[in-house]
Every structure is written in C-alpha cells, then in structure tokens.
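Following are the structures in question.
What follows is a pair of complexes built around chain A, which joins chain B in one and chain C in the other.
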Partner chain A sequence: MNVIETADLGKRYGKAWALRDCTLAIPEGRLAALVGPNGAGKSTLMNMAVGLTLPSTGTVTLLGGMSATAPAMLQDIAFMAQDAPLYKNLSVADMLHLTKNLNWRFDHARAKARLVDLGIPLKKKAGKLSGGQQAQVALTLALARRPRLLVLDEPLAALDPLARQDFMGTVMTAMADDGVSVLLSSHALADLERVADFVVVLGGGELRIAGDTDELLAEHRLLTGPASEADRLAGLLSPIQVKRAEAQAHLLVRTGGPASAPVPPGWEAHPVSLEELVLAYLRPTGIGSSSASFPRTELTEVTR
Partner chain B sequence: MTVLTLPAQPGQNTEPAHLPWQRMVWVTWRQHRSMLIGVTAVLAAVSIFLLIAGLKVHHDYSALINCRPASSDACATKNSSFNNADWTMGNTILILMNLAPVLLGIFTGPAVLARELETGTFRYAWTQGIGRVRWTIAKLTLLAVVITILAWAFSQLFAWFFDPFLGFEGMNDLAKTVFDTRGIDFAAWTLVAFTIGALLGMLIRRIIPAMAATLGVYLGLDLLTWLVLRQDYPVAIDTTNAGLFNGPSTPNSPWILKTWTIGNTPWWRYIPVSRFWPMQLIESGWLLVLAIALGAATVWLVRRRAA
Partner chain C sequence: MAIDKEMSPIEFRLDPSSGVPTYLQLVQQVEHALRLGYLKPGDQLPKVRDVVAALTINPNTVLKSYKELETKGLIEGRPGQGTFIKTTLEQVTLPDLATLRRTLMSWLASAEAAGLDEDGVAALFTSVLRDFYKERSGANAPATGGARGVEGIA
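After this line comes the complex of A and B, so read on.
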C-alpha cells in the first residue's frame, strides 16, 4: 500500500506555481525524506497531503486511496506543521488535554510519561519552552494520536544538533514500535542521510526524483576522466550532472539504458553518496537539461 | 503459495465517524475562557454601577411624581434635579449602550479565527481528528450562545434602569436610541456583531484590522436599519385622527412616520407603542437569520480555505 500517492498534483498562487505536475507514490512503512531548498514546494505538497490546502490540479490520496480532504482521514494521519505551532498561553498539560478532546484515539498516559522522561514540565506554558522542547511536545501530541502516517514539516529547522538527534530518535522509535510511516521534510539533508529509506527531491516547484534510497544509490554512479572527452561522453550517456575541474571531469550518470555500458577506457566509476545525488538533481548541468541555471543562493541551504 | 493479507483499512477501529460535540465544550472554554471571563467581568462591573445608579434614579423619580403639591418650590427643585443630573447620566449611558453590542462583538468575534491564522495554530487545530468544520461550528455556536445570553441579561438590567426616563421628549420604547437597548433587540445586535467579527476575522486573517472592519460594517448596518429599514416594518397604521398626535410626549406617544393630505384631509402614518413587540420580533428575526448566514459563510470559508 502507498501511504501517499499524487497524480499531476499542482498548486498555483496567482500566476506562480508553488508545485506542478507532481506524480509520486510513497510506500508504507518508510521514513520518506522530502528534500529541497526553501521555496521548492515542500510545504505546499505537505499541506495538500493533510488537507489544509486544496490542489489547483491533480489529485492526492492517502493510505491506499483515501481522499486527503475526507474528514475520517484525520483520524489516521498526524501533521506537525513548521515551527511546531502550539497555543503559547496553554500549559503542556492543557495541550495534552486539548488534543485528547479533539481526537478519538489519544494515548494520554504514554504521552505524559514521555514528556516527563524528556524532563518537560507539564505545568509550564508551551510558549515558555525552548524550541527543542516545543518540537518534542508537538511530536508527542502527534504520536499519542496513534497515527498510521506522520507528516512532519521541517521539524528539525529550529533545533540544535542534540535536539535533532533526540527528535529523530523519537521518530525512529515510533516507527519501530508502532509501524508508523513517516514523511519528513527538510532543507538540511545531513540529518536524514542515514535514516531516510525513501527520498523525494523537489526543486523550483517540480519533482526532480523520488525513490527508494538504496535503489537510487545503486542506479547512479560518478564517472571521472579527462575533461577533453567529457562532451563526447556526455553526449552518449545523458548524465544528470557534469562538473569540470581543471583537466578532470565528473559525470553523474544513471545506470540502465546507455549508461549501463562498460566504463570507457581512461574513466573511473565511483558510487555516489545520497548528498551528491540530491545535489546533482537540484543543480542539473547535464546536456539537455533545462534547469541549468538553478539559483545558487538556494543551494547553500542544501550544502550547509 | 502466496498468502494474501488484507491491508488494514483506514479507520479500522470501531469508532463512530464523528467525535461527540461535548468535547468541544471543554475545548472552547479552555481556549476562550480569558475572553469570556473578561467580558463577564466588565458586564458585571457595569451592572453593579447600573444597579446603584438605577436605584437612585428610581428613588428620585418616585419622589418627583409623588411630590405634593406639584406646584411647590420643593417639587420644582426635584423636577429640575431629575431633568438635569439624572437625565445627563441616563442619556450618557444610553449613548454608550447603543455602542455596547459592537464593542462586545469586536472583542469576541474577530479573534476566534484570526488568532489561529495569525499565529499559525490553525495548522494544528484543523488537522486534528474532529475536523475543521465541526471545530468551527462548535466554537462559533457555543460562543455565540453564551455572548447572546450575557447581552440579553445585561440589556434587561439597563431597561429597568432607563424606565423612568421614558416620558422624556422623544424618549419612548420606539425611539431610535431606545428601541435597540430593550426587549431582545440588544441581544440580537450583539449576536450579529459577533458573527460579523468572526467572518471578517476569517477573511482578513488579522485581529486588529478585522476589529476595525467589524466596527465599520456594524455601524453601516445599524445606520441602514435606523434610517431606512425600521420604518418599513409592516406594523404602521394610517389614520386621519389628529387627536392621537396632540398633547405632550409620553411613554405612549406614537412614532409618526409621515403626514400627507388627500383633498383637505390630513393623513398620518404612525407606529403605536403597542407595536413594540411585533417590531422587536421582526428586527430580531432578520438579525438572527443574518447571523446564521454569516456563521455559515464563515464555516464555508474555513472548509474552502486554500493557503
């Protein structure tokens, strides 16, 4: 079963497309990372998935074909919006009680125990907690609803490295214990590189690539050889990205099709890292690519 | 051999499709209790003042009408005191009372949705299991009922306070500034102010501008009603009986809408004070329908909202 399926999904604000022609399917049981620079359309995609935003074109369905706007849907998905919005004037205990009252399923005891474990005072106002604590409270509220799909919009952006680790630890535990599927967006790939078993790369409102992490890594390789032959080889192999450095050139190619051919003499093939792969799709400079002028400023987000 | 296992269906638990409404009572109270307590406290404080001032006004009035002989200097002094000191206070409070519904409305309506949109918490609230439509309907209904009841109770106290002034020139149940503050009209106008505020809060998405816009829209509607609509409620009577309109202003003086002549006969169109309740029901009725329409529009916007 696919937890999220989109077909030609698009959202337009005025004349500008925040997301267009997005067709993708994320299977059950994954930690899917939605990556891309700010403004890539990540939040737009997530808001449409949880029914907060209506698509301009196309469709999005969840958990094996249910409409994202069906009221019953919200009993099975939990969404944590960017910046973990909580009612600042309510205490943590009140937030628990509030969320309990707004949902059928709510594991009050476990949520409370978890917050106590984390050392978060239940009597404190949500607005007085640190960013990391607020994120943990929001995540605890979401998990206590026992969702089948957890959607997290940039949950790590405001957290320090230690808090990021704690947060991801909680997410991984929930996946292992309860079989929750997770879709998590981030503009910082480093936090997800080791844990995401599915990646979705968005850039400039378009889907660049999506797939199982291991499969994608196995399908791509980096060819290194003399710069003088780069153009000829690029013509043959349709690389995703071509980089030149002095006498050497690096071609990131996808295997299957022409690139399955044996490595040409004078060239070496290397496996690619997830980060190299994502960056190549965000900054494609391959022959025939129409997006060669991907804005450099946005990329600094991805490269840290 | 392949074993087929059916995937779990969404909502596989034996849960009814909807959460009980009662849950929203706690939610609404917890989230809006400061506002509700604040409004109640202000109304209670003003009520205590009205009670004390009202006892004095009633005392002065009864001393005045029971003063014998009526032509004595002592009675003239009482008369002048009532006409000046008491009336100045009564008239000032009457003017404030005419603004009270919109003041109640702007401090309660706009924040309900605009605060969620301003702070981003709608992304939390509208993705909970209850669903945003039921969340909105429950909140608006509960708050509207509570605020309307508070306003009604408050207006009853004011009506008692103002009773002694009803014989004054132009001051009776049908006078423009008095009609709104009595019966059920005050509560109806407060309800409409609240729903205008809620809708504009949803449309404008920011509390302060929505409050300002609510004030503007409300005053426009109020003026339209005063100057145009109210005189056309189907309760007026046409007559040639000039005797009805002679004599001093009393609590029972009719509201004369217009006069004209046919041949040499003068005609009057007027509304007798006895038509007070039909007029109250007509006005409160259409205000209630308007409030429900505004509430429905707000819910529709919440459901449709694309951001």
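After this line comes the complex of A and C, so read on.
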C-alpha cells in the first residue's frame, strides 16, 4: 500500500507554479524525506497531502486511495507544521488536556508518560520551554493521536544537533513501536542519511527524483577520469552532473541497476553519498541530457 | 543507553565515515562477532527497538540487516521472543584446520625455495585469493553492497 500517491499534482498561485506535474508514490512503513531548497514546493506538496491546500491540477490520495480531504482522513493523519505550533501561554498539562478534548482518538496516558520520560515539566508554559522541548511536546501530541501517517514540516530547522537527535529518536521509536509512516521535510541532508529510507527531491516546483534510499545509492556512481574524455563519455552516459577541472572530471551517472557495471578504461567509479546525490539532482549540469529527464544509462555501452 | 532485561552480548556501533551502508555495517558486525566468538548459537541479538533508540536509525534498516542475516542462515527470529544466533561461522573443525595449516606451510617452503620473499608471497596469495573468489561468485557478483568500495580498473 502507498501512504501517499500523487498523479500530475500541481498548484498554481496566480501565474506562478509552486508545484507542477508531480507524480509520486510513497510506500507505507517508510520514513520519506522531502528535500529541496526554499521555494522548491515542499510545503505546497505537504499541505496538499494533508488536505490543507487544494490542488490546481491532478490528484493526491492517502493510505491506499482515500481522498486527502475526506473527514475520515483527519483521524489517521497527524501534521506538525513548522516551528512546533503550540499555544505558548498554556501549560504543557493544559495543552495535553486541550488536545485530548479536540481529538476523537487520543492516548492521554501514553502522551503524559512520554513527556515525563523526556523530563518536560508539565506545569511550565509551553512558550517557556526550550526549542527542543517544544518540538518534543508537539511531536508527542501528534503521536498520541495514533496516526497512521505522520507529516512533519521542517521539524529539525530550529533545533540544535542534540535536540535533533532526540527528536529523530522519538520518531524512529514510534515507527518501530506503532509502524507509523512518516513524511518529513528538511534542509539538513546530513541528518537524514541514517534515518530516511525513502527520498523525494524537489527543485523549482518539480519532482527531480524519488525512490528507496539504498536503491538510489546503489544505482548512482561518481566516475572520475581525464577531462579530455569527459565530453565523449558524457555524450554516451547522460550524466546527472558534470564537474571538471583542467585535467580531471567527475561525472555523476545513474546506471541501469545495482549491478557493478564495467567502468570505462581509465576511469574510476566511486559510490555516492545521499548528500552528493541530492545536490547533483538539485544542480544538474549534465552535458547532453535534457533538464527535465534523467535517463538511465548502461555503462556497458561505452566499453564495447 | 542501557538495554534492560535480556541483554544482548553485543552492542552495535556505526562508522559514519566508512562509506558502508548502515544495514551492511550491522550485518558485518554480527559476522565479525561470530568469528571472534563474542556471539554463540542461542545468544540474543539486540531488539530492533533498542538498536533504533541507541543509534537513532530507521527501524527498516535494522530489519533489513536482520533479514539478510536470516537469509544467510546465521540467525532466526522467534515470534514474541526476539532474534537469536542459530549457527557459528567457524565452519572448519580443528583437525581440518591443522591439516590445512600444514599444507600451507609446505607450500610456503616451496615458495621460498623458488625465491619469493615475504612481500612476494603476500602479493601472490592476495592476487590468487581474489581471482579464486571472483571466479566462484561469477557474473552475479555481490554488488548489492559488498562492493561499495572503490571499483577501480584492473
């Protein structure tokens, strides 16, 4: 089952497209990272997924085909907007009480126990807590609704490294305990390498690439060799990104599959990190490849 | 982060700079612990949730490594109890090992007689070892993760 499925999804504000032609399927049980620069369309996609914004074109369905705006969906999705939205003047205990009464399904005991575990003072006003604690309170409230899909918009942006790790620890444990699927948007690529098993890369309002993290990493290679041959090779391989100096060139290519395709003579192939991969798709400088499509290439073709 | 109740004999760690995928690091650590005797048949592996909490990694990553170890026949999942070591990695009995050692010694003697020094022996051995296993694994060489180092050109 797919937790989120979109077809030709687009959103236009006036003449500007915030997101267009986005066709995507995210399987259940994953932590999918939505990455891209500001203005890439991340929040637009998220807001349409949780039913807060209506699409201009196309469709989005959730949890195996249900409409994002169906009232029944409200129960199964938890959405945490940017900056840990809490009523700053309410105490943590009051926040808990309020959320319990506003929701049909709410595991009060568990939420309270979790907050106590985290050492968060229940009597303190939410606005007086540290940024990390506020994020944890918002996350705890979201998880106490026992959602099947948890959507987090830039939850890590305002947090220090330690608070980031604690926050992700809570998310990962919830995945292990309850099997909740997670969609999370972030700038912090380095923090995602270990936690995201699915990535969605958006740039300039378009979907650049999406897929299983391990599979994507296995399919991509960085070829390093003499700059004099870079053009010839680039013509054959349609690289995602080309970086060249006077003598040496690096080509980031997508191969046909995880198989260790033969490397052209005189070139070395290196595995890529998630960060390199994402950045390459955000700044494609391919020679001989159109900007819109990134064809798969068989490395074997060159060696024949 | 202490793991209460049934303690596993090992605890995982991650090397972010190794370039080896996380799930594979966990697989390799179990195999390593088996070879060195830190883990024995019947021992319990850390619970998925505990690994997730200790390392802040995706539970699917842990499940993937446990699945791989299960496919290799090294561990088994017991419903409701956890994951346990099924077998050992020392495939050779001690008398066999002694025989193999003797043959290798006599080969070394003939290599020395032929004029190879220690470095020469090591280079030859490494090269033959690589060729031998490359031929064995054939076309379906494990690029699934095993070969994520630098793939140079021979």
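The definition used in the following text is that the second predicted complex is superposed on the first by the 282 of 304 C-alpha atoms of A that agree within 3 Å, B and C clash if a C-alpha of one lies under 4 Å from a C-alpha of the other, contacts with A are read in each partner's own complex, and residues count from 1 in each chain.
The criterion applied here is as follows: a contact is a pair of C-beta atoms (placed from the backbone, for glycine too) under 8 Å apart; a residue touches a chain by one contact, two chains touch by 3 or more.
Source: prediction; values computed, not measured.
*Asks:* Have a look at where A:Ala176 lands relative to chain B and chain C in the superposition and call it first, second, both or neither.
*Replies:* Touch partner of A:Ala176: chain C, not chain B.
*Asks:* Taking the superposition as given, does A:Gly235 touch the first partner, chain B, the second, chain C, both, or neither?
*Replies:* The answer is neither, since A:Gly235 touches no partner chain.
*Asks:* By the touch definition at the top of the document, which applies to A:Leu217: first (chain B), second (chain C), both, or neither?
*Replies:* It touches chain C, and chain B stays clear.
*Asks:* Would you sort A:Leu102 into first (chain B), second (chain C), both or neither based on which partner it touches?
*Replies:* first
*Asks:* Have a look at where A:Leu31 lands relative to chain B and chain C in the superposition and call it first, second, both or neither.
*Replies:* The second partner, chain C, only.
*Asks:* Regarding the shared-chain residue A:Asp83, is it in contact with chain B (first), chain C (second), both, or neither?
*Replies:* After superposing on A, A:Asp83 lies in contact with chain B but is clear of chain C.
*Asks:* After lining up the shared chain so the two structures overlap, which partner does A:Val195 touch, if you call chain B first and chain C second: first, second, both or neither?
*Replies:* So A:Val195 only meets chain C here.
*Asks:* By the touch definition at the top of the document, which applies to A:Glu268: first (chain B), second (chain C), both, or neither?
*Replies:* A:Glu268 sits against chain C, while chain B stays out of touch.
*Asks:* Following superposition on chain A, which residues of chain A contact chain B and also contact chain C?
*Replies:* Looking at chain A, the two contact sets are disjoint.
*Asks:* Within the complex, which stretch of chain C touches chain A?
*Replies:* 14, 19, 21-23, 48-49, 52-53, 55-61, 64, 141, 143-145, 147-153
*Asks:* Going by the contact rule set out above, which residues of chain A touch chain C in the complex?
*Replies:* Counting only chain A, the residues touching chain C are 29-31, 165, 168-169, 172-173, 175-177, 194-197, 214, 217-218, 221, 258-260, 263, 265-271, 273.
*Asks:* Of all residues in chain B, which touch chain A in the complex?
*Replies:* Touching chain A from chain B are residues 7-8, 10-11, 13, 15, 17-19, 23-24, 26-27, 30-31, 34, 119-121, 123-131, 133-135, 304-307.
*Asks:* Spell out the part of chain A that touches chain B in their complex, as residue ranges.
*Replies:* Touch list, chain A to chain B: 1, 47, 50-54, 62-64, 66, 71-79, 81-83, 85-90, 94, 97-99, 101-105, 138, 145, 148.
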